[in-house]
Amino acid sequence: MSPFALLLGPPLLAAVLAAVLVPYRPLVGWTGALLSLSSVGAALVFWSRLLAGDVPTSGPGEFLRADALSTLLALCVSVVGALAAWLGPGMGEDDGYEPAQARRFRIFSSLFTFTMLFAVTANNVGFMWIAIEATTITSAMLIPLHVTKASVEASWKYILIGSIGIALAFGGTVLAYFDFVNMAGRQDAALHWTVLRASAAHLHPEVIKLAFVFILVGYGTKAGLAPMHTWLPDAHSEAPAPLSAMMSGVLLAVALYAVMRWEAVVNATVGTGFTDGLYITLGVLSVAIAAFSLVIQRNYKRMLAYSSIEHTGLICVGLALGPLGTFAAMLHLLNHTLAKSMMFFLAGRVLHRYGTTEIARVSGLLKVMPWTGGLFAAGILAVVGLPPFGLFVSEFALFRAGFSVGRPWLVALILALLAVAFVSMIGHLNRMLYGVPTAGVRTGEDRLWPLIPLGLCATTLVVLGITLPAPLETLLRQIVAIVER
Amino acid sequence: MGYVLEVAQAALALALAPGLAGLIRWLKARLQNRRGAPVWQPYWELAKLFQKEVVVSSNASWLFRAAPFIVFASTTAVTFLVPILAVPLPFDGLGDLLVVVYLLLLSTFFLSLGGLDPGSPFGGMGASREMTVAALAEPTVALAIFALALAAGSTNLGQIVARTMADPGAFLSPGHLLAFGALFIVTLAETGRLPIDNPATHLELTMIHEAMVLEYSGRYLALIEWAAAVKLFIFFALLGNLFIPWGVSVVLTPTTVAVAVASLLVKLVVLAAVVAVLETRIAKLRLFRVPELLSVSFVLALLAVTSSFLLK
Amino acid sequence: MDSLFSQLSVLGSSLVLLFGLILLWRRGISAYVGAFAAQSMVLSAVIAIVGYFGNDHELYWVAGTLFLLKGLVIPRLLRRMERRFAVEREMEPYVNTASSLVVSGLLVLFGYMVTRPLVGLSQLPTRAGMPLAMGLVLVSLFVVISRKKALTQVIGFLMLENGLALLAVLGTYGIPLIVELGVALDVLMGFLVMQIFVYRIHETFESIDVEQLNRLRY
Amino acid sequence: MLGGYGVGAVGALLMPGGRAGRGIAAFGMVWGGAAGLALSLQVLLGGAAFTLEVPTLLSIADGLAFRLDALGAFFLGLVGLLAIPCGVYGFEYVGAYEGRYSLRLLGAMLNMFLLTMSLVPCADNVLTFLLMWEGMSLTSYFLVLTEADEPDTIAAAGWYLAMTHVGLALALAGFLILAANATTTAFGDLRTAAASLTPAMRNTVFLLALAGFGSKAGIVPLHVWLPRAHPAAPSHVSALMSGVMIKLGVYGLLRIGLDLLGGGPAWWGALLIGLGALSAVVGVLYALMENDLKRLLAYSSVENIGLVFIGLGAGFLFLGLDATAAALVAFAAALYHALNHAAFKSLLFLGAGSVLHATRTRDMNRLGGLIRGLPWTAAFFLVGALAIAGLPPLNGFVSEWLLFQSLLPGIESRAPMVAPLMTLAVSVLALTAGLAAAGFVKAFGITFLAIPRSPAAECAHEAPVSMRVGMGILAVACAVFGLAAVVVMPALAAALAGSARLPVPVPGFGSGVSLSMPSGFARMSPTLVALGLILITGAAWLVVRLFASRWPVRVSATWGCGRVVQTPRMEYTSTAFAEPLRRVFAELYRPTQDLSIDFHPESRYFVQSIEYRSEIVPWFERYLYAPLVTRVRRWSIWVRALQSGSAHAYLTYLVIALLGLLTLLIVRPG
C-alpha cells in the first residue's frame, strides 16, 4: 500500500461511494470526511520521508513523484480537502442544501481533490496538464450548485476562460516537448519533469522562452494572475463556500505549482533573468488591480477573492526575489492557503445567517455570532498581514529579500499597494463587525463544532507567526533548492 | 547680611508700590490740570479695603478665596529675585529672568481663574482677554530676555546687571535699546496701562484687568490691588536696573545702599512721568488692534536678538 | 519522398486553417458546425499521413479517435443543440466580417513571426506547416473574443484544440500516446460540461447571447 | 514584568465579568508596571544592559532578541511609571462599562498593550521590534474600539490603524535598507552596516524613520489620527496612549537616528526643529478652539510632542555641528520634557475621564461648576493644568526652562542657518507656552468653575476612590519631577551618553537643590522657588488674618449689573473664551460664522432663538488627506471598470496579455 495509493485513493473512493448511493444519506458525507483524513496522513508520510532525505516515487518509470514542492502542495490540498469534506454540505444537519445537491457536491468535490492531488504528484508534465484541466471541469460543475442567474453566469465565464487558458498551457507544453524532441529525439519518458529538468541545459533558449510565455499565460489564468484574473471574483463569490475555499485556497496554489515546475526548467536553460522579469510584471499588476478593486467593494466574498489575487501576485513577486524570496513566497503560500480557506468557510457561515453578501447589510456581526465574528476578524487581520499571524512574518521575509536583492523601489511600491488594501479591508471589516445587528437576524451561535477545525487553522497561523518549526524550514529549503538551482 | 538686605529690598518694594501707582495717577491728573488725589491715596484705599466687609458670590468655590493669596505671593516672590538695590544677592541663584516671567504668568493664570469663578460674563470677558494679551506677549518677553542674556552671557539677573555695569558701552548698543523698547511695550500690556487697557475706567466692555477683579471685595480686593501695584513696580525696576544699572550697589556698605535707594527712586519717578505723559497723549487701542502693537514689540525683540549676535 | 510528405502536410494544415476562417466569414451556426466537422476530418487525415510517412503506427490510433470524436460525435451534438435553440443567425458580432478577416490575416502573419525560431530549429519535413497551426490557434482565439453566441465560442474553443493538436503533430510527430488519449478525453469532457452550461444559460436567460451575462460587476 | 502583564491578561480573559475580573486586570497592570519600573531603574542606574535571546521563536529572522540598554530603559520606565496609576484608575472607571462592553476583552487587551509597549524598547532585532510595534498598535486599536457603539469611534479607529500601518510600512522600509547589506537583522549588525551606507542612503533611512515614527508620535502632517483616536478610547487608555505610546515614536527615531545611524548632517536637526515648531503651533492653536475636553488634550499632546521634537532637533543640529556637549544637553532636555509630559498629560486625561464618568459628556459647553461635585478631581486637574502650562513650581516649567536653556547656545553659534532657526524655535516655544496657559485656563475654568451649564453637570458626584488614588499618584509625580530635576537630568544624559559621539563623562546638572546648565549659563532652583511661594502665601494669609477686619464673609449673588437673575446661559462658554484668539489667528483658522436668529412672531424686537455656528478650517484633513483619498478612490473606480462583467472583455485582456508577451519576445530576443 504505497503512500501514493494512500494519498490518491480516498478521494476516488469517496466520489465512487457518493455516486453509487443514489438516495443521498449523511453516511456518505461522514465516510468522505474520514477518508479525507487518510490523504492528510499520506502527505505527512511523504513529509517525513523527505526529512529522511529520500524522494518517494512509484508507478512505472517514476510516473508519480513527490519531491518537496509537491509534498507541500499535497499537504495544502489534502488539508483543505479534509476541511471541505468535514464542513461541506450533506453532513446530516440542515445547511440549506437538498440531498441531491449534497450528493452532487460530494461527488465533484472529492473528484476535485483527487485531480489536484494527482496534478501535484504527477511527474509527467502532460498528465499534470490533464489533471489541471480536469480540476477546471470538476470545479465548474460545482459552481452552479444553487442555480441562479449569477451562478450560471459565473460558471460560464469560469469554464470558458479556464479552458482557453489551459489550452494555451497545452500549447506551451507542446512547444517545450518540440524543443526536447529536436534536442534528444522522441522518447516515451520525454515529458517527465525529471528528464526535462536534467537535460534543460541543452534546450534551445528561444523556443523554451516561447513555451514559457504560453505556459505562464495559461497556468497564470488558473492562478488568477492579472490580467487573466477576471473570472476569479465572479467564480468565488457565486460558488458555495466550501468550493470557493478550496478554489481560492489551493487551486491557485496548484496552478502556481505548475508554473514553478516549468520555471525550474526555464531557469536552468536561460537563467533567472527572464522569469524574474515576467513574474514581477504580472505580480505587481495583480497586487495593484486587487488593491484598488478592494477600495470600494460592496461584497465581502468578492473582497476575499480580490485579496486572493493580491496574495497570489505577492507570491509571484516573491518568486522573483532570489532564494530568500522563494523561501518567503512558499511560506506565504502555506499561510495564505490556511488563512483564505478559513475565511471562506466563515464567510459561508455569515452568508448562511445573514442571507446576503452585501457588506452594507451585514452589521453587528460580533453581537450576532460572537465566535464566528471573532474568527472572521482574526482571519481578516491575518490576511492583511498583522503580527500575531504567519502572513506578517512571511511578508517581512519577502520585503527583506526584496531589499537584499537590491530592488528597494519594487518593495516600496508593493508596500504602498498593500497599505491601500489594508486600509480598505479594515474599513469593510469594521462596518461588518460593529454597529447595531441587522434587523431580523437571529442572534446566537448554532452548530459550534465546525468552528473547531477553523479555530485550529487560526492557531496554526498564530504558531507560524510566532515561530518557524524546523521540519517546515527544511522542507522550504529543499523547495528553494529545487527551483533556484 | 545679604539675607537681611534681601528682605529689606522686598519690604521696600511692597511699601513703595502703591505709592508708585498713586504717583502716576497724580501726575496724570496734574497733566490734565486737575488737582488729582494725593500720591499716598492708594495707601488709604488699601487700609480701607482691609477693614471692609468681604462679599463673596454664591457660585464661587474655594479657588476664588485662594486666588488672591497666590497672586500676591507669586508677585512678592518676584521682588526677591529682581535686583532692586544690590546685585550679588544670595537669592540670585534661585531664579533667572525666565523664572520671573513665568511667576508673573502664574499670577495672571490664577487671576483669570478667580475672574471666571463667580460666573459673571464680565469676569469671563476679562479673563479671556487677559490671557490673550498675556499669551501674545510671551514670545516678545522671551526674545527680549535672550537678547539681554546673549550680551551678558547668562540669563541670571545679577550677572546681566553686573555685566552691563562693567562696560558702559553696552548700554548704547542697538540690542539693548531695542530690547528696552520691546520690554517697555510689554510692561504696558502686562500691567494693563493705557494703550491696551484703561486702568481708570469701570466701563464693563472696555476693561481687561478690572473686569477680572469685579467680584472681589474687602481684603481680597486689597491683596489683588496691592499685587497689581507691586507688579507695576517690578516692571519699572526691571526696566530701570537692567538697562540703566548705575546706582545699583555692588559692594554692600551703608552709603552704597543709600545711593542705590536714591537712584532707584529717581528712576521710578522718571519712568512714572514717562508713562503718565504717554497715557495722557494716546487713547486706548481697540482690543483687536492690540495684537498689532504686540507684534511691533515682537519685531523689536527679534531685531534685538539678531543685532546682539551679529555684533558679537 | 520527403518533399511529397512535406507538401501534403502543408496542404493539409492550410486546409485546416482555411476551414477555421469560415467561422469569421459566414454568419449561420450550422455553417460553423459544418466547417468544424470538415476541419477535424482533414486534421485526422494529416495525422494519418504523418503516421504513414513517419512510420509511427500509433498515430493511426490517434487519427482514428480524433476522426470519430471530433469528426462525428461532437458535430452531431452541436447540431442537436443548434436545433434545440433554433437560433439561425449569429447576431451582429463585435467586429464586422471584413475587418475580422483582415485581423485574422494579421494574426496568421503574427503566427509566422512567432514560430520563426521553431521552423529554424526543426529538421522534420513537416516543419513548414507549424506557422499555419500557430495561425489557427490565434484565429480561434480571435473567434472566441469577437463572436457573441455561446455556441460559437464553444466551437472556437474546439478549433483552438484542433490547432494545438496540429501543432503537436507537425512539430513532434505527436506527443506520447497515453498523453494524447488523455488530452482527447479531457477535450471531450470539457465540451460536455460546456454543453450542459449552454443548455443552462438557455434555460435561465432564454437566449445564448453571452452579452446578457454581465450582471456580475466590480 | 512579563509575569505581571501575563497574569493580568490571562486573568482578565478567564475571570467572569464583575469586580473580580476587573480586579485581576488592574492587579496585573500594577504588578507588571512595578516590575517594568524596577527593571528600568536597575538598568538606568546600574548601567548593565539586560539581554534575553530566544532563537527558536521567529527563527526566520534571527530569533526573538531583547537587549535593554539605557535608552530603552528610560522608555520602559515611562511605561511602568504610567501603568501603575492607570491600572489603579482603570479598576473603577471600567465599572461603568459593566453591561455594555465586554470587560474581559478590555482587561486582556490592556495588559497585552502594556506588555507589547514595554517590550518595544527592549527589542534588539528588526523583526522583534516590528512584531512588538505592530502588536502595540493592534492592541491599542482594539482598546480604541471598546466603545464601539459611539458613532465616530469606528471611523476614528479606522483612521488610527491606517495611519499606524502606513507608519509601520515606512519604518520597515527604513530598517530593511539598513539590514540590506547586514548579515543578520540584529541591531548590532545594523550599527556596523550603517557605517558603510552611502550618505544618500543614510538620509533616506532617516527620512523614512522620521515619517514612520513621526506618524506614531503625532508630528503635524501625520497627526490627524491623534485627535480622533484618543477621545474615542476609554480615558485610562488614552492616558496611556498620550502619555507613553507617542513617546515610543520618539524612541524609534532616537534608536535609528542616534543609535544606529550615529547622527547625521546638520539639516536633520533643522528639519526636526521645523516640524516640531509647526506641530507645537498647530497643536496649541487647534487645542484652543476645541470644545471637547479630550480632543483638547489630544491636540495639546501634538503641541508637547512638537516641543520634544524641537529639543531633539536642537540635539541633532548640534551633533551635526560637532557641539556634542550642547547636543547631549538638548537630547536630555527633550527626554525630560517627554517624561514630564507623560506625567501631567495622563493626569489630565484621567481627570477628563472622571469628568466623563460623572457627567457622561465631554462637551465643555455643557459642563461647569464641577468643582463642587468633584473637588478632588478639580484639584488634580488644576495641578495638571498648572504643569502643562509650564508654571513655576511644577515639572512642566522645569522642562520648558531646560528646553529654553538648551536652545540658547545655538543662538551664539557661527554656522549660518543656526541662529535664525534657534530664534524661531525660542519664539515658538514661548508662544506655545503662553497659548497653552490660555488654553488650560479655558479648559479648567469652563469645566470646573462657575455655574453648571447642564443638569448632568449639576448633580455630578465625585469619582470613586481608586480613580482618585490613580490621579493622586500622578499629581505627586508631577510635583516630584519638578523638584527632582537635579537627579533626573544626569540619569537621562547618562542614558544617551554612549551613542553617536555624545561625550561619555556626563556633565553635572548642578548640585544639591539648585539646577544649573552644564555650560554654567544659568542657574535656577525649583525647590527653593516652591518653598518661597509657600512661605510667602502663608505669611500673607497670617498677616491678613491678624490685621484684616473681623467681619464674617457674607455670601450673596454675583453682581449682575442691574440684572436680577443669574442663569448659566449668561456665562462665558468655551467658544466665547477662545473667541479673541480665533479673531487674532483668523488667518490660520479662516473661521466661518453664520448666525440665524428667528424673531418672536409678534414683534421684531424680541428674539425667540439665536443659533451661532462657526467652523474653523481643518487644514491638514482638507488639503492633504482629502485629495489623497479622492485620488485613490478615482483610481479604484477606474480599475473597477476593468471588471465590467462582459466575458468578451475578460477574454480580450487574456489575449492582449499573450500577444503582448509574444511581441516582447520577438522584439527583444535577448
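Every chain is named by a letter (A, B, C and D) in the order it is written, and numbering of its residues begins at 1.
The criterion applied here is as follows: contacts are C-beta pairs under 8 Å (C-beta built on N, C-alpha and C of every residue); 3 or more make two chains touch, one makes a residue touch a chain.
As the structure is a prediction and not an experimental result, all values here were calculated from the model.
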Original post:
Where are there more C-beta contacts: C-D or A-C?
Top reply: A-C
**OP:** Please identify which chain has its centre, taken as the mean of its CA atoms, farthest from the centre of subunit B.
**Re:** C
**OP:** Take the average of all CA coordinates in subunit C, do the same for subunit D, and state the distance between these two points in whole angstrom.
**Re:** 70
Original post:
How many angstrom lie between the CA centroids of subunit A and subunit B, rounded to a whole number?
Top reply: 79
Original post:
If you average the Cα atoms of subunit A and of subunit C to get two centres, how far apart are those centres in Å?
Top reply: 31
Subject >> Approximate Å spacing (C-alpha centroids) for the pair subunit B, subunit D >> reply: 36
Subject >> Shared interface positions of subunit D, touching two or more other chains >> reply: 640, 643, 647, 651, 658, 662, 665
Original post:
Counting only residues that touch at least 2 other chains, which ones in subunit C make the list?
Top reply: 114, 141, 144, 210, 213-216, 218
**OP:** Please list all residues of subunit B that touch 2 or more other chains.
**Re:** none
**OP:** Throw together a list of every chain pair that touches.
**Re:** A-C, A-D, B-D, C-D
**OP:** Over in the complex, which subunit A residues touch subunit D? Could you list them?
**Re:** 156-157, 160-161, 164-165, 168, 206, 209-210, 213-214, 216-217, 221, 227-228, 230-231, 233, 278, 288-289, 292-296, 331, 381, 386-388, 392-394, 396-397, 399-400, 402-404, 406, 408, 411-412, 415-416, 418-420, 422-423, 426-427, 430-431, 433-435, 466-468, 473
**OP:** Would you pull the subunit C residues touching subunit A in the complex into a rising list?
**Re:** 114, 117-118, 121-123, 137, 141, 144, 150, 153, 157, 160-161, 164, 167-168, 171-173, 175-176, 178-179, 182-183, 185-186, 189-190, 193-194, 196-197, 200-201, 204-205, 210, 213-216, 218
Subject >> Of all residues in subunit C, those that touch subunit D in their complex >> reply: 94, 110, 113-114, 141-142, 144-146, 148, 210-211, 213-218
Original post:
Touching subunit B in the complex: which residues of subunit D?
Top reply: 368-369, 371-372, 378, 382, 386, 389-392, 397, 401, 404-405, 408, 411-412, 419-420, 423, 426-431, 433-435, 437-438, 441-442, 444-446, 448-451, 514, 520-525, 528-529, 532-533, 536-537, 540-541, 544, 547-549, 551, 553-561, 566, 568, 570-572, 576-581, 583-584
**OP:** Enumerate the contact residues on subunit A facing subunit C in the complex.
**Re:** 124, 126-127, 129-130, 133-134, 136-137, 140-141, 144, 147-150, 152-157, 159-160, 163-164, 167, 170-171, 174-175, 177-179, 181-182, 186, 188, 190-191, 204, 206-207, 210, 233-234, 237-238, 293, 296-298, 302
